[in-house]
Every structure is written in structure tokens, then in C-alpha cells.
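The next block holds one structure in the form of C-alpha cells; read it before the comments.
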Amino acid sequence: MKYSYYPGCSLERQASAYHQSTMAVARPLNIDLVELEDWNCCGAIEYIAVDLLPAYALISRNLALAANQNGGGNHQIVAPCSACYLNLSKADKYMSDSPELAAKVNTALAAGGLSYTPGTIRTRHLLDVIVNDVGLDAIKERVTNALYNLRVAPYYGCVVVRPGFDHQFDDTEYPTSMDKLMRVLGATVIDFPLKSHCCGGHMTQISQDVALELIRRLLKNASDYDADVIVTLCPMCQLNLDAYQDSVNKQFGTDYHIPILYFTQLVGLAFGLPATELGIGKEFVDARPALAKVGATPDVTDIPASRRDKKALPMPRMTREGER
Amino acid sequence: MTNKETSPAGNGKPKLAIYWAASCGGCEIAILNIGDKILAVDEAFEIVFWPCAADFKYEDVRNYPDHSIDLCLFNGAIRSSENEEMAHLLRQKSKVLVAFGSCAQEGCIPGLSNLTSASDTFRAIYMDNPSIDNPAATLPQTVTTVPEGELHIPVFYNTVRSLDQVVPVEYVIPGCPPEPPQIWAVLEAIVTGAPLPAPGSTVIGASHLAVCHECPLEKHEKTIERFYRPYEITPEPGLCLLEQGLMCMGIATRGGCGALCPRVGMRCEGCYGLLDGVEDQGANMISAIASVVNVGKPGDDEAELERRIGVAMDSIVDPAGTFYRFNMAHSLLHRVKTGNNGDVQNRGSETA
Amino acid sequence: MSEERVGVYVCHCGTNIAKTVDVQDVATWAAGQPHVTVARDYKFMCSSLGQEMVEQDIQEQGLTRVVVAACSPHMHEKTFQGACERAGLNRFMFEMANIRELNSWTTKDRESATQKAKSMVRGAVERVVHHRPLDMLPVPINPNTLIVGGGIAGITAALDIANAGYHVYLVEREPSIGGHMAQVDKTFPTLDCAACILTPRMVDVGQHPNITLLSYSELEQVDGHVGNFTVRVRKKARFVNEALCTGCGDCIEKCPGKTLDEVFEVGLGYRKAVYKPFPQAVPKYPVIDTESCIFFQRGKCKACELVCPTHAIDFTQKDEYLQLQVGNIILATGYDLFDARTIPQYGYGRLANVFTSMEFERMVNAAGPTDGQIVLRDGVTPPKSVGIIHCVGSRDKHYHEYCSRVCCMYSLKFAHLIHERLPDTEVYNFYIDIRASGKRYEEFYHRVLEEGTHFIRGRVAEVTDAARMPGEEGKLIIQAEDTLIGKQRRIPVDMVILSTGVQSRHDSHEVAQLFGMGCDFNGYFIERHPKLDPVLTMSDGVFIAGACQGPMAIPETVAQAGSAASQVISLISQGTLMMEPIRARINPDKCSGCRICNNLCPYHAITFHADRKVSEVITAMCQGCGACVSACPSSAITGAHFTAQQVMSQIEGILWDVRETIPLMAR
Amino acid sequence: MTSEPYTPVIVGFLCNWCSYRAADLAGTARLTYAPTMRPIRVMCTARVEPQFVIKALREGADGVLIAGCHPGECHYVEGNIKALRRYTLLKQMLRQFGIEEERVQIVWAAASESKVLADAVDQMTLTLQALGPLRWRQTVLNGHGAEQAVRESADVRRAALAAQEVEGER
């Protein structure tokens, strides 16, 4: 499977661990990620707030490049960063809906000798590609080092499942793709209630108190559920939860030490890849104590009895996976 | 069959004329294909005009008294001023004028040129043709001045018409070409004086039911997902070709041929033309075919529905050329709309 | 020129038409058109004077066809058909040109409107000369009726028809009749005990000599047409011989197989492998569920057979197929409840103390799994606070855009019942609007308000157990925007009740297909007219009652069932039915047997005669849509009153001014 | 074709159950729309034979509008879907006859959607005004007589020679 790969600015810098681990797992997963030549910043969140047209032109340049460079590929571009994924999808969608916008953007692109027909390139998030294109069965076959007993809080953040338009790959309010992926790796997945809540985003720069409160809620909830690790798929989420954990502890007098890892890092570990190849060790909150559990045999003592109490009312049966 | 005294040769036999206008000559061969019986025809009729087989001139016909020809079998469409002139002349001279074969009946293959214009046709024949070297761009001219005076050749019309669009005809014998046994049946009826149906573009020598009625292939309820061109599949023997996705025109085509084509696994192309009570063979085909293309359900999203139906219908290549292969000149629309310069407008990809 | 004598009548409709259309000009012009013998304009054609004018002209001028240019045929076609008939002219020798709704009311351009009126009149004239006299079709009515669905709608309709003296077959999918109403505890706003008012009627059905009750049975096939349907019913094997069973219940008591009851108790309680859904079930015979029966699963047990005093247990019983002949059918198939798992952020199935409204309904029911105790999932703790979330799955473009109409009222009922049983418990209702529009509904709302229920107006974002503040620990937190104060609120509660909406039956499309009817986008059966014919469908002889037509509460359901019953009784008492003759007919002399038309009929009215190699339309089943008529490649099918000749002539007529009438001399 | 303004003529086939009622409602609600549509009532769009559409175009209509119930809401279950299938194939064929796509349209208008129907008529009227008249008999069947064919063949020759000259100059 060959895709255009759009790493985005974060993966060049603070999220290099994400890039490193993505590349490391791509090989065993048989995903051929061809980095887009001469890509530029997606404009992140700010630029769209300043002026829409330049923002869309900036984003669409990448789509135009992808359309040119995707020979032999499947006309899909993969972004591991949630913001990049949202921006690329959004620009394409809005241009499809508004020929007027598409014409204006194309006027701008023409200055660089480029053009883009909306709908040509489909933007995919890395998680979507791994879970739905590679498939859980294929992943399961590759697991050599199951993550038994590791309690994982799957954290999606607010952006990745909320473009809310075409090709949406998971439920907007209660996504489960990463839950399923982690379960396949052998991890114990907690039903993380705040899985699609906000990490504070750039509020750390604008109004730190607001951001720290949002981060605190996430850490507290994960801690309430005894999570060993929060696993994420977004550089911004990782940064906020990881780098500001110390500030949260100071501000609220708490003592959280929950490592924040990228899902690709855990996939890599389960595949038996060495931690260094996966960029583990670059995080602020040390992941080593939590990861010490990896490689253990499954703990069977904790399986609940079929009925705890004779008087208790039965829980509703959930639809099996695959249904609805 | 009276007026013997005014007939050209006056030997007492009814007079027979056979003429070809815009046609391929297949109809003449079909007449000869009645075999030994051709001698009976010669026995029964006096042939007074048959350019293909006997040496008569137009001038001879002009000199015959009006209504002196008892039976005229006219094959070929009206493509040029010469065809039209002969149609009027033979009408004037004949008691019974028969549109013989598909070209005279409904335009047939020459009629397909109604999907283009005379100028495009000229361009294709005399200029844009790999086997043509015509640096002076010489085209047929209706009038050419030479020292001896003016030379005239017939005008090539923009639109092909059927015979009955030019002059009234008594009877029509359909087919491309008509099947020899039926030609004989008609001639025999005329020779023996058997009663013929009331004249007025009346079809004789064919069935009043569609080809399906004569077709031995097994038929079921029809649900078709897509269509195939004949080279794409080998049809299952014994089963209705249409059900297998071959665009068999038998459902909307007059029978009488004995379903010769479907019997051997070849789809009916529609040469016997439309049935009584049908105004437009192609329109009926569209309606019937589209009805059984089993794509799209009431629950589908509207845009998706349109898309899926569009895809299914796209597997029908060249609908106009398929559904009007023989009937174009007799169809309701009759011809393509062309721009002021004679160019065909808005054709879409399939004819480009 | 034809010998037809057409009378054209142009109506002024007061000034409704005359203001925009020069009616006198139209009439004068019409008089000079082909076929037209007389043309007049008149103030009100539909008045008795106008009608008499038509009748008089038919008789005195020998008119053979009539065209009235006036309003919509949906308004007055029948009126003028009547006038023609009174004057001795077949009612189908008439055509209407709708120059009011489709012309004068849609433009102010007098010149164009007049031209358009002329076109429409000319089209009608050209058409009407090709009309043929048609006779209404008499169809005899079989007096037996089939009712599908044994909820309150089916029960009501069955009793009404049976009491009128006609026989009813009542088919119910579940082992007992009663439907959703049997599951409910109290009914709003009167707080009548549902079982108290329903069970006597169920008993009546079970005992009525005119009702054949076929419970635990499903419809397999429907053939035929109004007056004469043949229905195939599969009576599923009960493994209990109804002739021998006394309904004593010994078998149920002794059965060791216990399983979750996901139907009647909606998963909140258990039942045995041999069971009755509830004690008052009608019929009283139990059913063995093979999936949970130890004998069927493991090959030994037969405890029930051992204890049965009348030897009614029969493990060898097979499904039975019955063929019923009926004249009319009432569909009362009811509704499904919205599946609360569809909205994961509300936590149903994930968070123990989130309940659906039907679970709560069973819980408060004294005959339910908790004997009427309101408790948390642990089965013992009464909640100190309860949040009731309205519009779950309703009024939401992600799920159902429509209002389910019953949730507001049952949610108010829940609030009341909680106050009644647990006076110290706080109740919060999260609503969008309170829709209390029925009789005494608003008063009930006020009563609940006064009882101290908190009402928070706003859609709930999520239900979570993620505590943010100390007071939230161990609770379910309902996060919602309170739109009245414009603030986000987090309300910690012990128990959440999701007021799930109503949706169409999961198999409603297949059922509709079976009867040749349509379903709307939401899967509800389409009524013939939403206002004037709410219980009729496009299939003659098939009626609908209750929530299969759309969400509705018990009183409306009962009213609809009564209405459907009276429609059926009225048809039966007529004995025969006169049907519009707009039907298709295949001319066997032109049919080539190509079979193109065979599966086009949505009513399966076309049969193929393999011996003669021709297809035939069963006239009584045909509804006259014309799909087959259009499709016939041989033009062997005629659609009465909509023949190709009639429509083609009308096309020529309405295009009279843009047609070139010179003979075609194409070159 | 012609630049002078003209009033298009549209033949409208309206199904009895949805679109005819929508048209009735448009009148009752006094919605104003172009008086260009001449209506023909059919029981269902499935009764609209392709030959009706072709007939209307041949007899002088500039456009044909087929209006029916929304897919899934047909009173005869799926008559409108049959109509859509026929319409789709018909349009493919009409394109080959040089008839612009916009001249034959299908619209779904439920009994309550009077505005949808009125808008469709207005929109189609504007489109047809831009396209110019069709008037098949005058412009197509009688428009290219023998003399014109002769003139056109001369045009072809002139154009070919001119092209050769251009070629020669290079």
C-alpha cells in the first residue's frame, strides 16, 4: 500500500518520536509512505483565523503537490498530525462545496505553477490507515511482544474525529479505533470517558490557567482509572499532556506521573522493536516504569465472576463488534 | 390487373418494376435468392424496369402511361434528388408501389447518416480519410460548367428519408433484406390474385408480433445488471440473449424473419423495423430496456441512485446507433440537430 | 375530422380565473377549434347552474365529449363526471383543464396566462376525443379480515370488527398479544394502570368467537387484491399442544433453563426456557425457546414434559403453515424503540446506572424484575438523584429528525412516579421543549412542576463518570447547556434514564414490499392522505393503524384502529366495491411473450402464461400506475384512460401554437 | 442560435400523487412562477414513455420537465425509479441527437414541495432562454434543405482550401 506522506512541522521537531515510530512500524505493516516533496506548513490553527483564503491556498499547495507526485499511488495522503489531517480534509471539502473558493485558491496556486481539482486527493489519518487499511487481523499476526497488563487510556483529542464530513473514520463523540488497536496489541484498555475532550491546544500560550485545568481533568481521569499510560495520536495532545504535567502538579498540588506515548510507539513495542528505534525516551514524563510491565504474562486473576451479586440487575448487552 | 391495352408491351402479363435507390443491393440479391421461383416470377410478370438486371432507361419509364406498372418493388432510401425524382416517377407510373426492404421502409443503414450532416459526410468521404489524396479539395458539385455547357449531377440531401415520407405507398415489405420465402409469398399472392390487406403503408410479408414470438430461446422475468457488447461474452445457449446482457432488439422488432439471428446466438439488430401501433422503435427500446436494468432501490440516497443508474446505463454504448440502426429516418426526431455551419452539436463522448 | 362533438366550458371561478385569464377569449377561440361543437364561459361552472348547462348541452346538442377548464381535477373532476353521467354520458368521456391552480393563480401576466389556458384547453380537447367509455370495476369482498400485529391497535380493531359480526384473523409475532402497552406500568396523564385497562381486552380477543388468534406466528406471503387476498402464515412451533394445555404453569415452575428476557423485560430480568412473556399473556399457552432449552441444546432434561399434567409438551412439533382467505387487511405492526447504544456518549451499556425508558418502565412495574422498586443496577440502592434525558434519538438530525411525541409525557410520568415512591430523591428533566399538547397533558406537566422536578432546558452533551470536582466522585455527571441561563451545567446524579424515541419497525420496508405499499424516509407506512385518509394506503384493501404510520400515543392509536375497523366494516357491508377502471390490459394478440413487463409490477399483477406464451394483467390487482404500459416494447399493453394515443394527442394539442402544421418535407 | 428573447415552451409531465399536488399547492399558495410549463397529468412518472418526451420535443417544445415523488416515496413503490432509469438512458441518447442536456429534466417534488416545483420551472425557463428555441420541425427537419446542403458542401471545400493555404505558408 503506497501513500503520500505529509509529516507536518511538529513531526520535524518536538514530535520527532512520532515520526520515528511511524517510520519504524510502517515497514512491518507494509505501508509505503512516500514523503511529499517540497511540502509546506498546513497553517495549523492560527492562520485560518487570520485570513481564510491565504490559509486555504497554503494548505491546498500540499494537495496540489500530492496530486502531481502521486503517480502510481492511490491518490491518498496520510497525515499523522490531527491538525494537519483536519486542515487538509477541510480545505478539500470546502473547495468541493464551493467552486468559487476553488477558483480563488487555484488563482493563487497558479502563481506557483500549480493547480488542484477538489476531490482528487483523499486525506487520511495515520490511525485510520493502520486500523482500516492494514487491518487488525494483520496487526495481530505481527505482535510478538504483547502488552499484557499495561493499562492504557486511549486519548484521541478533539480534532481527529471531528472534521465531521466525508470519509469520517470513527464516531465523533465516542471513537473506538484506537481502543480496538490497543486491545489487539494485548493492552488492557480503560473506557476513557474523556477520550475526545480537548487537551487545551494552544491555550497553553494564551491562557495557561484554562489549559492547565483541561490537562488536569485528563490526567485526573486517567489516574482515577489507574491508567499506566495515556496513548495519543496527536503531537499537540502529546506535548500538552507531557510537557505541562509538571506545571499541573505545581498548580494543583497533585502528583501525576503518567507517561504520554504515541500509539505508533506502542505498536512498535508490541512488534518487538527496540525502544530507541521508536523514539521512546524523548518524553518528559519517564515512560520506563510503566513500560517495565511489557513482556509479562497475562494476569488472569482479575477476571470478574459471571455475576457479582444475585440481586444485581443485568447490564445491557452491548452489540458485538462488527455489528453497527 | 386490368388496362392490358395500355401496358408497355401488351403481352397480357402484369407488369413488374424493381428499382433501387439509396441501398446496398442486398434486396436485389434477396429477390434472386427465392431460387427456382425466379423463373415463375418471369413466367408470371413482364419485367418492365429493373436497372440491376435488365437494360431499361429512365426515359423508358417516363414514356410508360401513368399507372401502367402493376407492381413496383422499390428498395433503397431517398438520399438524393435522383432518388426522389424516381420515387415520384414510379409512383406516377405504378398501380401498386411497395416499399421493399428496410431502406425504403425506414431509411435503414443509409438513414444512420442522419446522425451527421451532408457536409460532414462529404468531409469524411472526400477529405478526412486516410485513403484519400485530394489536395485540391475537389468535391462533387451539382452543377459544373464545361465548354459544352452545364453538367448536372443529383443533389446530395442533408437528410435521408424513407419512401413513404416522399410519396404514398400501398405496401411495405420489411427486412434487411426481406427473407426470400416471404418475398415469394407476397409475389405469389399477387400472381394468384389472393386478397391483400387494405393498402396504405400496410406491412405485408411479415408477422404482426415481435421477434420474441418466433424466438425459441427460453425467456424468464428480466433483471439485467449491465450490458455487454457481443465480443465480451459468449452467450449461454438456449437462453434469452437480452437476459444475458446482450442488447437484443427482438423485443421491439417486427417478426417474420423466423428469429434467424437469436437462434444462432446473435442479438437481433432490429431490421424488420417497428411494430404496428408503435411510433418510435428506439423510444420503445429505451423504455423497455431501462425498465429491466435492475439498479437502484427506493431506499437509496437520491444522488447515489442517480450515480448508480448512470453507471449502469453507461454500459449501453451508442444508444442512438443501436436502437435506431434501421429506423432512424422513420423515427420521431428523424435526424440530429446541427449548428448553422452544419456541424453536429453537443454530441457527447460516444460519437466523438 | 372526427365525428366527435366536444363541449368546452371555461370557468371564471368568480374572478379567480377571470382576473388573469381572458376567459371569454378562450371560449370564443375554443369554439373554432377542431372537434368543438360548443364552447361557453360561465361564472361558476361547479354551481348547480353550471352543471345543468353541461347536462343540457349534452342532451340538446348531442355532445359526445366534455371539457371543463376550471380548477384542479382533484377538486372537481368527480363533480363534472357526475354531471356527464346524469346526462347519459359515460363519466370517462370527460377531461378537465386545470387553468386555476396550474395557471391563473401562478402568474399575473394576462397574455401568457390566456395563451397557456388555450393550450391546456386544446390539449384536453385533443385528448378527450380519444377517450373511451369505461365501466367501474365491481370487486366482491370476502368478509374475513386479517389484522397484523396484536398490540393495542390490533386488539382494538379486531374487537371492533368481530363485534360487528365479521371474522378476524389476528396474527402476532410474539407468544402473546399485548404489544408495548403490556410492558408499560402506568399510562399518562391519567396514571391508569396499563395492565388493568389492557388485559380485559386481551381476554376478550382470546375468547371472542369471531376472532382466530394466531400468536407466535408470522406473515410469509400475501397474494391477491382487495376483496380477495390469500395470505400464508407461519405458525411457529410452540412445542406445547394448545389443545391439551390448560395454562397451569407447572412446566414454567419446574424448568431449570433460565435466560435473560431481552424482549418483554428488555434485558432487565430473566425468564425460563419454557415461558409466557407475562402472567396475563393471551393466549395462556407457554412457548419453549429452543435456544435456551436444555433439552434442545444438550439432548436431555424434559423436566417440563415430566410435570405436565395433561401431556401437552410436544418436542416434535413443527412449524405449521396456514393459508387464509381474507377480503381486507389491517396492518398494526407498531414501532421499535430507538437503540440507546447508538449514542455512546450517553453511556448506555457502558455506565451501569444509565437505563433506558423501557428498562425503567419495567422497573417501576410491580410485576417487573424489581417488584416495582426503583433501584440502581446493584439491585438494592435507591437513587438519591435521577436525571431524565429527553429526545434521545429524536429531534436530532444524526438520528431521527422527527419528534417521537410520547417521550415528553412518559418522562413527566417517570418524574412523578419517582417522587411518589422516593419522596427525597431529586429529579432533573433535561428537555428541548416540553410537548404536552394532548388532552389534560399540560395540566399533568404543571402537576409535575409543582412536585419539585427540576427542568433544565438544553440538549445533553454527555453522561460521564469522569469526576472533575469532589462532589462528582462516584456519580454520573450529566453535562448540558442550560439554554435558559446560557451556562454549561454539570449535574451529578445516581441514575440516568434515557427517554429513547420511537422508530419504525426494523423490517417495515420488507413488510411494505409484501403489501405493495410505500414507506417514507423514516420507514413508516405511507398513508393515502396524511390528513383526510390517514388509515388508507395506496393498496386497496390494506389499512394501517397505530404507530406503524408514525409515532403516536395510545389514545390516537385506539382512534386510528377504530377508524381502520370502520373502513373495513363499511367495505364488507357493501359486499362489492366499485373500483376506478384505470388499469392496464395486455392485448394477447400483440403480446410476443418477451416477458419485459413480468417483474415491473409492484403489485405482482402480471402473470405469464407459459402455454400460450403471453403475459396477462390481473385487472383487480392492477393499480394503474402505467409502469408496464410504458415498458412494453410491442406497445401491446394499454393503460385505460392514459393510453399512448390519448397522451400523444394531448401533447400535440398543448403545443398547438408552436407546432408547425405544414406537412413534413424533410430533406 | 437566435439572440432575440423568446418565451420557452415546456411540457411538464406531473405525477398525480406528488408533483401534480405540488403544482396545485403552488397555485393555492399563489406562488408566482413562469407561465411556460404546459402540464400533462399522468398517474405516475413511470407512465411517461420516452416517446412522449421525444414527441413533445419534435412537436415544438423547447424543453420537457418530468416531475415525480421523491425516490422511496412513490405511491406505486418505485415507479419513479423506473422513470429515472428510462430518463437516464433517454438523455444519453438525446445527446447524440444534438439535444442539449438541460432540455430534458427530472425533478422530485413531494406534494408539499410546491416551491421546489415552481423553482424548477423558473430555473428551467431561464436555462432554455439562454439556450434558445428548439422548435424541432422548423430548425431541424425543415432547416437544412437541399439548397443548404449544396451550399454547405461548397463551404467545406472553401474551408479545406483555406486550411491548405495556411499549411503552405508555413
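Chains: A, B, C and D, in written order; residue numbering restarts at 1 for each.
In this text, a contact is a pair of C-beta atoms (placed from the backbone, for glycine too) under 8 Å apart; a residue touches a chain by one contact, two chains touch by 3 or more.
Computed from a prediction, not measured in an experiment: that's the story for all the values here.
Two chain pairs, A-C and C-D, are compared here, and C-D has more C-beta pairs in contact (counted per touch definition above).
Chain centres here are Cα averages; for subunit A and subunit C they lie 47 Å apart. Each chain gets a centre from the mean of its Cα atoms; for subunit C and subunit D, those two points are 37 Å apart. Subunit A and subunit B have Cα centroids separated by 68 Å.
Centres computed as Cα averages put subunit B at a distance of 29 Å from subunit D. Across the assembly, subunit C contributes residues 518-519, 600, 627, 630-631, 644, 648, 664, 666-667 that each touch 2 or more other chains.
Residue positions of subunit B touching 2 or more other chains: 157-159, 279, 284, 287, 291, 298-299, 334-335. Shown for subunit D are the residues that touch two or more other chains, namely 49, 51, 55, 72-74, 77-78, 82, 86, 141, 144-146, 149.
Taken as a graph of touching chains, this assembly fits none of the simple shapes: it is neither a line, a ring, a star nor a complete graph. On the subunit B side of its complex with subunit D, the touching residues are 81, 115, 117-119, 122-123, 127, 135-142, 155-159, 279-280, 282-284, 286-287, 289-291, 293, 295-300, 302, 305-306, 309-310, 312-314, 316, 318-321, 323, 331-338, 340-342, 344-348, 350-351. Note for the complex: subunit D touches subunit C at residues 7, 9, 11, 20-21, 23-28, 30-36, 38-44, 46-49, 51-52, 55-56, 59-61, 72-79, 82, 86, 118, 135, 137-138, 141-142, 144-146, 149. Against subunit C, the residues of subunit B that register as touching in their complex are 157-159, 161, 165, 208-213, 219-223, 240, 242, 250-252, 255, 275-279, 284-285, 287-288, 291-292, 298-299, 334-335.
Those residues of subunit A whose C-beta lies close enough to touch subunit C in the complex are 171, 173-174, 191, 193-194, 217, 220-221, 224, 309, 311-319, 324.
Remark: subunit C residues 260, 262, 267-270, 341-345, 348-350, 352, 356, 359, 369-370, 375, 377-380, 462, 464-468 touch subunit A in the complex.
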